[in-house]
Amino acid sequence: MSSPEIELRKLARNLLERKVVDLVIGYEDSEAGVRPCFIKEPGEVEKLVWNPDCRLSLVRYLRGFKEKKVGIVAKGCDGRAIVELIKENQLDRKNIFIIAVECNGVYKPVKYGSSKTRRQMAEYCEKCEVRVSPIKDYLIKSDEKALEEKIPKGDVEDLDWLSLFRKCLRCMACVRSCPFCYCTECSIEGFKPALVHRLVDPVELFTFHLIRAIHMAGRCVECGACESSCPVEIPLTRLYHELNEWFRENYGYVPGLNLEQAPPPLVFKEGEKP
Amino acid sequence: MVAWKPKIIAFTCWCSSSGVDQAGFEGFKYPANVLTVRVPCSAIVNPSIVVKALEEGADAVLLTACKPVELRKIAPSRITEARVSLLRRLLKTVGVEEERVRILWISSNEGGVFANEVSRIVEETERLGPLNLRGRMLEQP
Amino acid sequence: MRRVTVLLCTCGSTLLEKIDFNKVSKELYKNPLVKKIEIVDGLCKANTVKSLSLDANERIIAAACSSRLLEAVLKNLSNAKVIEFVNIREQCAWVCDDKEDASSKTIRLLNGSINRAVRSNPPQYSDGLKIVREAMVIGGGIAGVRCALDIANAGYRVYLIEKEPSIGGIMAQLDKTFPTLDCSICIEGPLLSEAGRNKNITIIPNSEVVGVKGRVGDFRVLVKVNPTYVDPEKCNGCGECANVCPVYQPNKYDVDLKPVKAIYCPFAQAVPLKYVINKEYCIECGLCMSVCTRAAINLEDKPKMLELNVGAIVVAVGSDLFDPRLKPEYHYGEYDNVITNMEFERIICASGPTGGVLLRKDGKPAKRVAFIQCVGSRESGPGIGECSYYCCAASMKEARLILEHDKDAKVFIFYNELRAFGKGWEDLLYRRCLEDGIVFIRSRPSEIKRSPNGNLIVVYEDTLTGKRSELEVDMVVLALGFKPSENLAKLAATLGVSVDDQGFIEEAHSKAKPLETRVRGIYVAGTCHGPRDIVESAVEGSAAAALVISLFRSGNVKLPETAVVLESKCTGCGRCMPVCQYDAIVRDGEKVRVLESLCNGCGACISSCPQEAIVLGDWGIEQLALQISGMLGD
Amino acid sequence: MRMFSITEESLKVFLRELSLKHVLIAPFERDGYFEFDVLKNPDVINLNYTNTRLSPKRFFLPQRQLVFKHYPRKGFTEEPKEYSSFVLFGIRPCDASALSVLDNILLSPPYKDASYENRRKNAIVISLSCTKPMAECFCNVFETGPIRGMGEDLTFTPTRSGFIVEARTPRGVSVIEEFGKLFRKADGEMLEEYSRLISKVLDEMNRRLKVDKTRLIRIEKEAGEEFFQLNAQRCIECSLCSFACPLCYCFETEDCLEKDSYVRFRGWDTCISPLFTRMASGLDPRVTKADRLCHRFCHKLSRIPLAFNAYGCVGCGRCVSLCPAGIDIREVLKKWG
Amino acid sequence: MGLSPYVPKPVKIVRIKEETPDTKTITIGPKPFDFIPGQFAMVTVYGVGEAPFSICSTPSDNNLQFSIRKMGSVTTAIHEASPGDEIGVRGPYGRGWPLGEMRKRDILLVGGGIGFAPLRPLLLHLLENSNKYGRIAVCYGARSPSLLMYRDEFGEWMERGVELYLTVDVGEGDWKGNVGVVTTILDKPNLNKAETIVCTCGPPVMIKFVLKKLVELGYSEENIYASLESKMRCGIGKCGHCHFGGKHVCVDGPVFRYDEIMELPRGISPF
């Protein structure tokens, strides 16, 4: 057991015993792999784990506990998501106890039917510059063991996006795992057949992905939850990264870095060159 | 065989659609493959609809708006401008020519400008060739 | 099942040679959504439309000329549920050389509109909204009084809200008015008393507007009435109380030049003519109470809140004058004989502190008087950047008043540009001034110095000759520019109207809608939306009254289609808020709400909501996307 | 005699000839994972694959397919044409078994799902036994593998000396006959190896997870709220499990308008979606996520058995592996089996 | 192929009658199939969608009738239709009322609001064959008098011997009848309780309380039937939407007997 894990369990027990939080959302291990767990009793804290397989962002679960005080295990990107969500009036800082864990990157999942079995660091983690949540109530430092395997940075231009889109099942796993997809009626789920039909028409996968990209632009914190949930491994974060770049170039805005900077509306002011 | 002609959707705001009508009044000619959709303001056009238009078979999408005048806090056409810019970046990323989405400033009396600009855009789009997203998305690997 | 009727207009057969109508109708008829197709030869003709005998539930596509031309005609002639216009003349027939091209473009445009018309809902103009046919005018200057009278005379109740104890505004303080030099209060006085007598006008003095809810036709205005400590119902204006009152205070009406008692009536022509107590000076000795036979005085008086329900509001709160202390080089407040033009008006007035004789502080008559123009206007600095409009004429008027009182006096006017124009001004004002020997010097004096004898020395550079010189005078009058009054910004915020970058109230459109604000049902008149003179203020008062009356007569309010937030969908993410240029979207608990009265229906918000939780008429994704797919399909 | 054998060499020939005569759908590797698709060139077929990420059900129940097209002006309704025949080579026994379960459901009288029936009729299904089951697999529980499945025409099982081929249906036999020269009758040794292999791999799997499936019916009555609530808390309602499952057959319909006709499509639906049972009035017999998750498992393990006499899970393990939230049907099996 | 059970037959709307402010009865004809009272059909509005509706005309009628309450997309589209328009139908589906069991017995029909639709064909059928059945009583309730369906037929029913008891949740206008939920009038019919067959349909809460009350009043459980509702896509047990606890509402229902209802899982069962 790694030292951050011991510290995490100790902290969780403490928080629950002192009733600082009503529950702690963290990761547990299971036969099906590392998965989210919801710890309500101090006695359960031994379930908690922290390792590079803890990839699904837990932030999306926060909206299910709006009235409760919740402790959450947050990587750097997860913390940024919380920041951005507070700005979007979706979360109340008061109700969240952020257990920031210093993150060295997570493994890309090896899924059913995969012909590769080598464990690699996820690509979005390569790009990541914020390894610790910008806001936190407690910081758990990483231990010395760094990730050994790294893969070279991929180039966005190399991808044939249309053929990647073609593979999409429109299963909505990307949308459902994203901390930011909290809309009550998702535009691309088929509620608006004029845009995307309820039943999946392969032609509309283009529209599906572009609309999602537009909706994520300037908000995506590149946590990779979408990408790692995707059964056909579409590198969605690369696409959203490109749009984040557009936001950075035009408005100097990088999502989730601090609570003060308001997200810019999609507007050019006078004098700003498109 | 009929030569391929691009299909272009032009969202024209209230004012610039007057300009489009003006082109007719003043006897300007422009290619018939520009299809106009009249909207109250260019800012009403959701970027998703532009994407949808490309998917549905448009080879290019044009948004015409009044020149942004900073009379108020925000000129709505600046919203459109920003959206178009974002969309172009997105299209470029996924490998679609960004020239397929544009914004044009057309006032209600600028029929001639509209006719000229649109003819130019049709030519340029012809040079780009068909977008054919439908075909490309259905293609078997 | 929703289906549409397509009306194809041949425009008096002129389009027949340009568009193949047979092909068009054959192609269109394949579309299952088409109920029937009619080819007509002039949709713009009443007979044509009548002969079609369309029923009211019809969804019609009018394929004809520019909707600019046809829209008004057809909407009047038919009562169809939905009408969609497709311009096949200017957009197909006239711009295509090839008949084939024109026809296929026609088909595409029409197929799009058919898709759209089927999904459209009948326009939801908020017809038959309640209109309270009572108006509120805020501010009782000339603009406000004129407006109130005009509305009242049309038969509607008006609440006239005035912050001071009496209505009248600046004009009541003036001596004479340009260009004719007739007595100001003699003109305004009758209007004020007419307003006081008019049974349709309720004057609420000493009051201010502190809150507004609702929308055009149905505003709920919260008015705070400040205590005057004298019951206006009981006071008959006898003045016994002032006689016994032991305390004096400077009178605002006389620009603090002539003291009055702590219980006072602002001026002789005041409306309402009631006494009021200024609690800042009152020592609560109770003498006044002891003499008031009608027991009108109550020193314990408290502020009262009124909620008034009105259908329209006219803002006519005027504006303030520039504070000359902000220009230290003129030493106002420091040198005795540097006065403002407002003070001048009171001094020169027969009812003023000196009985109309132009005397200096030291009691000497002022023989040589200089006017300095543009104090606080037309320069970057503490004042407003614009011309204050009235002051050139006002100074010329005042210069002539000096000469009228004293033939030997010598008057100099330091001007930058003389901007005096208007009916009768050239003759009655400017030529007379020249004839009277008034000296015009083109200069913005750099400083006023004091000579040992108490005289003033104006240091200046004549910008026509380039000569720098000094001029010794007895008195300097500063022609002050207007500036937005102190509480205007607060009032504007309360009302929801916007202010321009000078701080004056902003018009909906400076030319097309000069007296409307961005809030429907709230109008402006007078100097509160920028400098103007009495004539224009009065004209605007009447004009604003006309707008109010026309609103009241229109039967019902037609709001443009406004954006509506669907509560069940909105997540309160706030992405719609910053794009609304009218600030019409406000937070409402966890969600947001569109203020109907502010929304102009531009639609910028609906396209920034990621899930279309805001709807605006038929401009949603559904209609637009389907219109496009109709156009593009093969 | 239904047992044959084929050498690796002959298998290549078999596949090549098969691809010339029929539309051949077989497993191959693309972009780092295995999938099924129509193959022109049978050389790319990967016979050492584990299993495909997505099940082959889409060849029988496409994600979206036409139901009818109605032309109001012409007054007639058009239905999809006959589907062309194809060979599905190399599907795993679990996925092949899923087809037999689907047969039970979609072809049960009095109404038969015509398009499914048609595709099924036109498909020759050849399965490839698993000798090295994946960690997620538990086909042993439902007896749907690892060596023989239930819905295939032919079963190919790799042995040290080529493949053992078992003809499971008359159609399978006719395929063997068609390519007669490539197949030999299996000899005794091979048959022995075959039966040894069956019990060996099965034993291996039984050691991992052994459950009495007949007891699963209890879940209908005893479905403990807590277990489902706990898992529902993690479920992100993505519906990936339904989409990946070779058995999830529930469908949704959608009506659209085309230039000159009205059309109806049908395609995959998922019981995980809150819309699945919500009625127009807003009433919903399954309001909570826990209700829906419970139904997903009940449906597979007790409701399909009750209504159609087959199990709604074949133990392929896809949902276990792909679920982003790590929800594991094996936990249900262990608890109630 | 041409044999897909999912493809509706196009038929014309013959008549449309406004039943209540939110319900219209459409008549289509000639009827494409025979049916048993209590069965339903899938009605397609081309281009909009398909939804299940109880057939509410008598089996002996040459046309088919549906009473349709405006609820969502399909129902709204039907409300916007006019005679002559083409819609699609397929059916009949499901298990109807147990006519066989009813022979020579007294029969009580309990309906709530739109829930009277599947009871009307039964009532009309019983009246047409009154010699085969015992006495017939009807308890029918709606939220308000204007929401009672088939009001113009009440007189005729009574003339033909039906004991009719009406009630509304909230009275309005000149309503002089009973006010209260339908359970308040269940004790009124004068029937041989132990032998009577009871058929009921209405919103789930109503069914729940009616079933309870019926048992309380002494009706026997094996004689009570209710028609349930759930979302459906195919009507023939393939689409999976109405699969609850081993039963398909579309195939094994919509009419279920008391004990079957008690067996159904929470949610779909009103209990």
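By letter and in written order, the chains are A, B, C, D and E; residue numbering begins at 1 in each of them.
Just so we're on the same page, a contact is a pair of C-beta atoms (placed from the backbone, for glycine too) under 8 Å apart; a residue touches a chain by one contact, two chains touch by 3 or more.
Worth saying up front: this structure is predicted, and the values here are computed from it rather than measured.
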Between chain B and chain C, how many steps is the shortest route if every step has to go to a touching chain?
1
Taking each chain's centre as the mean of its C-alpha atoms, which one ends up farthest from the centre of chain E?
C
Which of the two pairs, C-E or A-B, is linked by more C-beta contacts?
A-B
With chain centres taken as the means of their Cα atoms, state the distance from chain A to chain B in Å.
35
Could you work out how far the Cα centre of chain C sits from that of chain D, in whole Å?
73
Report, in whole Å, the distance between the mean C-alpha point of chain B and the mean C-alpha point of chain E.
54
When the centre of a chain is set as the mean of its C-alpha atoms, what distance in Å lies between chain D and chain E?
39
In chain B, the residues touching two or more other chains are 47-49, 52, 74-75, 79, 83, 141
At which residue positions does chain A touch at least two other chains?
187, 194-195, 265-267
Enumerate the residues of chain C that touch no fewer than two other chains.
32, 579, 608, 612, 621, 624-625, 629, 633-634
Partner chain D, residues of chain A touching it in the complex:
30-38, 56, 60-61, 64, 111-116, 169, 171-173, 175-177, 193, 197-201, 225, 228-229, 231-233
Sort out for me which residues of chain D touch chain A in the complex.
29, 31-35, 46, 49-54, 63-64, 134, 136, 230, 233-234, 236-240, 243-244, 252-254, 256, 265-268, 317-318, 320-328, 330-331
Residue ranges of chain B touching chain C (in the complex, touch as defined):
7, 9, 18, 20-25, 27-33, 35-41, 43-49, 52-53, 56-58, 72-76, 79, 83, 115
Within the complex, which stretch of chain C touches chain E?
1-2, 32
Which residues of chain E touch chain C in their complex?
45-48, 77, 80-81, 85
